[in-house]
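Shared between the two complexes below is subunit A, which pairs with subunit B and subunit C, respectively.
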Partner chain A sequence: MAGFGAAPAGNHNPNKSFEVIQPPSDSVSSLSFSPRTNHLVATSWDNQVRCWELTRNGASVTSVPKASMSHDQPVLCSAWKDDGTTVFSGGCDKQAKMWSLMSGGQPVTVAMHDAPIKEIAWIPEMNVLVTGSWDKTLKYWDTRQSNPVHTQQLPERCYALTVRHPLMVVGTADRNLVVFNLQNPQAEFKRITSPLKYQTRCVAAFPDQQGFLVGSIEGRVGVHHLDDSQISKNFTFKCHRDNNDIYSVNSLNFHPVYHTFATAGSDGAFNFWDKDSKQRLKAMSRCSQPIPCSAFNNDGTIYAYSVCYDWSKGAENHNPATAKTYIFLHSPQEAEVKAKPRVGTSNRK
Partner chain B sequence: MPLKKELCRNFQRGSSIKNFIASPYFDLRWFSSCQYGERCKFLHPTQQQSRPNAFGFGMHSGSNQQQKANPFGFGVQSSSQPRPAADFASQHNQFKPFENKWTRFSPISNASATSSHHPDNQIQSGNHKCTDPESCKQLIVEDFEHERPSWTLTCYGHCKYAPCDISGDISYEELQSAAYDDAKRGLSLQSIVERERNALNFKLTEFENLLRGPYVAPLSSTASQSARLGFGANTSSLSAQNTGQSVASSFGVLHASSNAGGSSPYVPSNTASGSLSSSTLQQTASAFGPSYLPSGVSQQMLNPTNNNFNIVVGQKAFDDQQKNNVCQSGHESRDASVWLKEKWSPGEIPEEAPPDTFI
Partner chain C sequence: MGKKKKRAASKVWCYYCDREFDDEKILVQHQKAKHFKCHACHKKLSTASGMAIHVLQVHKEAVTKVPNAKPGRESTEIEIYGMQGIPPDVLAAHYGEEDEEAPPKVAKVEPRSAQLAANIVPGALGVRYPPQPTLGTVPPVYNPALSVPPGGWAMPPRAQPWFPPYPAVSVTPPMPAPLPPMQQPLFPVQAAVPPTSSATFPSSLQITPPGLPSSSIAQNSPADLKSLVAHASVGPTIADGSVVNSHSYASGPNTGGPSIGPPPVITNKAPATQPATNEVYLVWDDEAMSMEERRMSLPKYQVHDETSQMNSIDAAIDRRISESRLAGRMAF
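Right, the complex of A and B next:
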């Protein structure tokens, strides 16, 4: 009889990262930082959306819980408005809510789908919210209207989303990757099948919008350029593997300043990479539980990651009585996240 | 630089592309990029159809994606012996996180406990061309020997950028969401685990079938075809491939909406530990500010699919097409020049027989 296998034991904070106080009582599904300040939002399977204010004190980071908000069912995704005042969240209740942290008013439902909302993003250049759902659609919302501005059919359920205007990439089930030019959002710019062999887990658009990263469950990341003239720069690499065990890459995040990127996986590790020189800059120690999500703050001085169960080993390895959820904050050293130029060539973003 | 001559890509592309375009599986929507982008002097229609890329569909990577019907037939089992596990372990002697064979740098890695070892079989999978089902099969065998990820409920495609050989993805969150829904409905942890195991076994059977049976290109598989062609595909391809097992019905709940109100977190009944208490799961930290009550659903949100976007793209596309066909006045009067064309581009192929004057 098939099973998922046993969960590993070990240290939950081997990297001696700073711990966010009063973490969610169930696993964290998404982490997002305010684009303006060091406020961190976490959404959780305990139906809550929580916000902390983080403060850097020299080498350390402290956290203060600020506010929280409820959905009726587990929350899967979150996004901040560009002015840092409002948080959007969506989840299994098939709704997305807008929560104004400044005004202190009640959260308002701004989006609805026919199935859980897996991904959400705010697009400031268009002043719209985009939501991706397991109902195989992408919907664009003007938060003042109850009906979507546009509904975009996807080939399959939305699993991953990344936006760097005008580039948007959606990863769906069955390895579809749909690229959109947001200057013409109603048409697919390009649809490709993933360069990876297994289920897509996460995508991240390059800061220069020349392409995107795609991560899968098979411990592999694909680097894909959109322009045909840059085909030769496409490649894939393996990561988050432990001898024979192959773990999924759950999160891909570009450093906002150096444009290197971090991967986080179900093996409980996170690594920093430089795609231009094709190097791994730093491998961090493995935590005892998976890392389902992670995020950089707006200037790259804080990397937040959650250590908790991500269901990668099924229900039988979920033990709510003993499982703990952590959110850690890592202060990246320059050597970990700054690109190292190739010998003999200039450093380019 | 390769030491031996590689097959000429242009030569290969020419013949196979004609075959492919002629087949019913060709979808113009796949070719929606133009290398000139905004600078292009030709019209880029705003609908999903646009000019085919000059390079055909080999535009994504060095490896050619040949999909022509295989004249060689199928059914020859791979004769290679799978490597025993002991040999496999001894291959992990070189740290090489990047697959690209052109990488010139060894990674700047510390001697951390997480250093991972990767078998050096990237070259074959990186340059795989789907010209020979035997080589496809070989690759599949190797993948399943050495590259089986921990998560089994996944689709699989042996070839980069090519359609799935096995479709039917289930993500962590979907499985977890289904488990939480079941728990809310009162199902025991044991039955949830059972359901998940059934799904696992079903998937493993699919993988086994792909491994054991002769390799059949994805084009002839209806399940992956429906997944590829997108809209209207089953929400769960597992149910599309219902073999009579109960798993198909149990996965119906995966996408069923849960009407249970309230915010009770995951609390499966009859847990063995017995120490599960809802109070610990519903603990709200007192230091958090006022926790906002979820607002009631606005009455206006009852019709979410109403599209009130001003520009109707479909109409514009139709107008463009008509301009190309110089056909403005109704369906029966088609511009006669269409019949004189040597070659029809997709979209302007007339559906009716040519008038007698052209025969």
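Right, the complex of A and C next:
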């Protein structure tokens, strides 16, 4: 990490990923791919929501900036509608906006909270938008109405959200994890304390909805199954650590095809893992700045990640004059993301 | 099948308790489970002295005797691993005795050790969570994860709800599987649960839509860290004791191994305290707020706060005012 007056030491792109052009001018808070096409949206602390169109040219990927819109304050989260036409974004202005890319119209405010909106998701099966905020509520919105369809109280501020219908998991402050069955969204299905001993940073639901991953600030990921008969498959593992330094796990993403997953952390590294064989498939090189967010595109051929300061070392380590923000695109090789059976000795204890 | 008298030096045996085993691998597993296991957190170490050091450093207790050892064999100073390290006089004494017994008693020795082996093997291979688990071995698989929670207070409640479900482990239903087979293994849990559950969540135990299982109340006690701790402990913590971690995660071409983390000492401490024995520290250690919240508290991100709350006219006026203030405030 950079000290004052020094450019970030080390290589900001050691993995030789493709760089997205015209990145935001301040840190990226979220990355989302369209479910239909290779359009990437990034939200940033510079108040902007930007959209690029990505194109594969043989082995490389190029980006073309397409559009952008702004909020009044930093934007923290984004989500695409399932038809790939509309982007939702929410942030510190306590609003969520709906931005129709197709029509090119002005974004419309579709949600409001009493505190910044940290997480947002579109639930196609219910045709609602769900927003999670630091005001300790989750709200469901029919975008045509100004009042929420339902307001769900959370035990604490919303820090993380993942949806795979009908499974929805909300991670809040104080290590609460609230599980919802979206067929009965007004009731908490289950509320558990995180298996990790430290603050929840991110959650990701299994593609088969049997459970979820949870990542914490303590360089650890928990694999949690919901059904008691699968309790024995629960485990946690350490990652994103470097000798004496323990970095936060900032992002968890499942590969849409292979159902392996990637973790990205404040150490600037991203790794690919297979939870079923309990293996790390690939460790990528560490970038010189943290990776606050990442995403797979709809078919898993592109993994986008942002390299920029995530505030993990506080304000002291941020020099706005020299801070750089990057968004990189990595084309995962099959060996990196395809599940592998375990080789070698059995798991002796 | 006739066994030769001096096959593999007439079988390996454990220095601490004189039990015999078919091969050294099993002997080592026995030693780890019986003699090198921490009594507080059930972590299995590799030697007796290692275990003593662990208990001293982590649980702040002095261990003077090797657990389950015969008198005279209890010293933690003597370094035994498998058959290695056994003092020659003890070694000779053991075989001397065996020689005397051998001719008339070889028939007895074999069935006895075979029986022992039969006992040991399933347990040793318990890592695959056999349906009929040897509770002596399976808990150790889970227990290391219990080094995660502070202290041993999580132990007693853990013991109750989690043993019964072991048989359930062998049931691996895909979610759409019908509920009845799942409910069977759940019954023991449900029985054990009511005493421990705070029952604040009247979750439906019975009919749940496919995709989400009938819930276990055991996991519903929101404030009950214990059950959660136990829950977490049920699956082997991959990274616990970097030993386990490095075995479990077979990494591909590896650039520096972030998965081989610092020793488990960290996980024993309560959150927000730094482990005293190691220099490790969390890069972001503020439990009370997230990175984004801290960042938001920076004035530069709050400049427009006033405007977003007001209607457009006031917003315009205020914007003009705050912009002029900003101009004066620009310090960085």
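The definition used in the following text is that the second predicted complex is superposed on the first by the 333 of 349 C-alpha atoms of A that agree within 3 Å, B and C clash if a C-alpha of one lies under 4 Å from a C-alpha of the other, contacts with A are read in each partner's own complex, and residues count from 1 in each chain.
Following the convention adopted for this analysis, a residue touches a chain if its C-beta (ideal position, glycine included) is under 8 Å from a C-beta of that chain, and two chains touch if they have at least 3 such contacts.
As the structure is a prediction and not an experimental result, all values here were calculated from the model.
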Subunit B and subunit C placed together on subunit A: clash or fit? clash
Mind working out whether A:D245 is in touch with subunit B, subunit C, both or neither, as first, second, both or neither?
-> both
Practice task
Report for A:H150: first if it touches subunit B alone, second if subunit C alone, otherwise both or neither.
Solution key: first
Between subunit B and subunit C, the one with more contact residues on subunit A is chain B
- [ ] Go through the superposed model and pick first if A:H255 touches only subunit B, second if only subunit C, both, or neither.
- [x] neither
Give one of first, second, both or neither to describe whether A:S70 is in contact with subunit B, with subunit C, with both, or with none.
first
Check: Can A:K81 be said to touch subunit B (first), subunit C (second), both, or neither?
Finding: neither
Using the superposition on chain A described above, determine whether A:P166 touches subunit B (first), subunit C (second), both, or neither. second
First (subunit B), second (subunit C), both or neither touched by A:S25 | first
- Query: Of the partners subunit B and subunit C, which touch A:E316 in the superposed model: first, second, both, neither?
  - Reply: first
Return first, second, both or neither, reflecting whether A:W99 touches subunit B, subunit C, both chains, or no partner chain. first
Among 5-13, 113-121, 149-157 or 167-175, subunit C clashes with subunit B only at 149-157
Going through subunit A, the residues touched by subunit B and also by subunit C turn out to be 29, 45, 72-74, 76, 92, 94-95, 116, 118, 134, 155, 157, 159, 173, 188-199, 201, 217-220, 226-229, 231-232, 234-248, 266-267, 269, 271, 278-286, 310-315, 320-321, 342
Subunit C contacts subunit A in the complex at 29, 32, 44, 127-129, 140-141, 144-145, 148-149, 162, 165-166, 168-169, 171-173, 175, 182, 185-186, 189, 201, 203, 208-209, 211-216, 218-220, 222-225, 228, 231-232, 234-239, 244-245, 247-259, 261-262, 266-267, 270-271, 278-296, 298, 300-302, 304-305, 307-308, 332
In the complex, the residues of subunit B that touch subunit A are 29-30, 32-33, 35, 37, 46-48, 53, 55, 59-62, 85, 88-89, 92, 97-100, 102-103, 105, 107-110, 112-118, 126, 143, 147-158, 160-164, 167-169, 171-177, 179-180, 189, 192-193, 196-197, 200-201, 204, 224, 227-231, 233, 235, 237, 255, 257-258, 261-263, 265-267, 271, 273, 275-276, 280-285, 287-295, 297-298, 300-301, 303-309, 311, 313
Subunit A contacts subunit C in the complex at 29, 45, 72-74, 76, 92-95, 116, 118, 134, 155, 157, 159, 166-167, 173, 176, 179, 181, 183, 188-199, 201, 208-210, 217-220, 222-223, 226-248, 266-267, 269, 271, 278-286, 310-315, 320-321, 335-336, 342-349
